[in-house]
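Inspection log for the structure reproduced underneath, given as structure tokens.
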Amino acid sequence: MAQTFRTERKIRFSHCDPAGIVYFVNFFDMVSGAVEDWFSEAFGFDAHSTFIRSRVGFPIVNTSCEFFRPCHLGDRLELELVIARLGRSSIEFSVTGRVGGEEKFRARHKVALMSLETQRALPIPADMREKMEPYVV
Amino acid sequence: MAQTFRTERKIRFSHCDPAGIVYFVNFFDMVSGAVEDWFSEAFGFDAHSTFIRSRVGFPIVNTSCEFFRPCHLGDRLELELVIARLGRSSIEFSVTGRVGGEEKFRARHKVALMSLETQRALPIPADMREKMEPYVV
Amino acid sequence: MAQTFRTERKIRFSHCDPAGIVYFVNFFDMVSGAVEDWFSEAFGFDAHSTFIRSRVGFPIVNTSCEFFRPCHLGDRLELELVIARLGRSSIEFSVTGRVGGEEKFRARHKVALMSLETQRALPIPADMREKMEPYVV
Amino acid sequence: MAQTFRTERKIRFSHCDPAGIVYFVNFFDMVSGAVEDWFSEAFGFDAHSTFIRSRVGFPIVNTSCEFFRPCHLGDRLELELVIARLGRSSIEFSVTGRVGGEEKFRARHKVALMSLETQRALPIPADMREKMEPYVV
């Protein structure tokens, strides 16, 4: 059984478009924010700073999202993150958004460890990998 | 040969993240903006207003994007839009971003015509369809 | 002694610009979000929906902000809201942002109650006013 | 007679809020973008890159804006920039937004030249100053 990382967002006025529903682009920002939260909580440190210092990064390879139902102002969006696939260099996250049990969207977000010096993929180090494995489905 | 709709964006300071490259979420906003431009230019009217008045809309079904190379401050991003697939109710756009010939990303963005009253898919009317067909690959 | 409304924001990757600090525009979004939170918490209902239903709104008259020190990724920004001046139709909020006691910015944000039908200012009703008064400095 | 720097923005779906008008925060982004455009066009180079290389910057001291009338989807917003006050280290821009001659907002935006090493204000160099002076009202 994979461990699930959970975080929550309040749907605000500024997330919504003239149709009165969340502008889809903001869901991608929330997906990325969930990955950011997972990095800092699962790893117990500010991942971005560490990566910047080590001159490595996790650039995004691809992202996709299915939108099932619209979200509205005032909704509490529950985000659930697991790792759908853990490659040699890459992590493919699956992030689901729900409001009161109703699934609103399901996203896939793939990043890969890269040297910022050489711009080439690097194998994920064993100690990092170990912390990721509980989240792999 | 399909017709290609072209539009351009200047990469600004506010598009860029602490890594000094375009934050990926802004690419989705540009893809959506290209579709918006295409609607207003290909149809010769303000599509959104018309849709709102007719109580129909084109909600997004799914979106995906492959990111090939980062974009930087000052880049002139050329966006190219074609229709990859035109369904009974749905339009699947393919939008490519290039800087000086180098492909930066390729997105798929699928929308479907829907009644805002019944929340059900509607067939794309023949006159609308006719204006879309030149862009189908 | 005025009551202070407090709320908090986590500074995220997406808030930050290529200089590695919060892009100032995001502070205005947080100020507006603090006002939104205050409305819903101080009034015990979803203010925006109610306003939309009653065909009234609180459009922004003016906003200003002094920026004292930059904010960084990972900062916990504490927002403090009070009412600097309560007019017949208008509310002028004062919102301060602090990180660990250090003042980062101080904003003034003035809104006025308006009929969405006539586009004219309306006096703030007595029951609304009563709930606002504890926050007036 | 001061020279005026002019630039234009198309009001898009993504700029607008559930009330169907431009979310005020986006005006601040446009004001900042107008300053960015002015820097690159008035100085004939990519200002940000140069500043980053020289380890100097123009952080924002304060910003304020009066909002007169709402902007709508499809509006062509004309932005006009002049320098309201040119100090030893600081530049205070005045940026006005108009649609078809109607004034929508008027902003003040003050920045100051600063060393990124020492975090202290620097006098604006004479050659920079010379290029700024035509825009001072």
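Letters are used for the chains, namely A, B, C and D, taken in the order the chains are written, and counting of residues starts over at 1 for each.
Everything below uses one rule, namely that contacts are C-beta pairs under 8 Å (C-beta built on N, C-alpha and C of every residue); 3 or more make two chains touch, one makes a residue touch a chain.
The structure displayed is predicted, hence computed values, not measured ones.
Q: Comparing each of A-C, A-B or B-C with C-D, which pair has over half of its contact pairs in common by residue number?
A: A-B
Q: Using only Cα atoms to place each chain's centre, name the chain farthest from chain B.
A: Centroid comparison gives C as the farthest chain from chain B.
Q: Measure off the straight-line distance from the CA centroid of chain A to the CA centroid of chain D, and report it in whole Å.
A: Centres of chain A and chain D (C-alpha means) sit 34 Å apart.
Q: Can you work out the whole-Å distance between the CA centroids of chain B and chain D?
A: So the centroids are 29 Å from each other.
Q: Just curious, how far off is chain B from chain A if you go by their C-alpha centres, in Å?
A: Centres of chain A and chain B (C-alpha means) sit 24 Å apart.
Q: So which bits of chain D are touching at least two other chains?
A: 13-14, 18, 25, 29, 32, 48, 73
Q: For the complex, give me every residue of chain C touching chain B.
A: Against chain B, the touching part of chain C is residues 13-14, 16-18, 20, 23, 25, 73.
Q: In their complex, what parts of chain B are in touch with chain A?
A: 18-19, 24-25, 28-29, 32, 48, 52, 57, 59-67, 70
Q: Please name which positions on chain A make contact with chain C in the complex.
A: Residues 12-14, 29, 32-33, 36, 40, 46, 48-49, 73-74 of chain A touch chain C in their complex.
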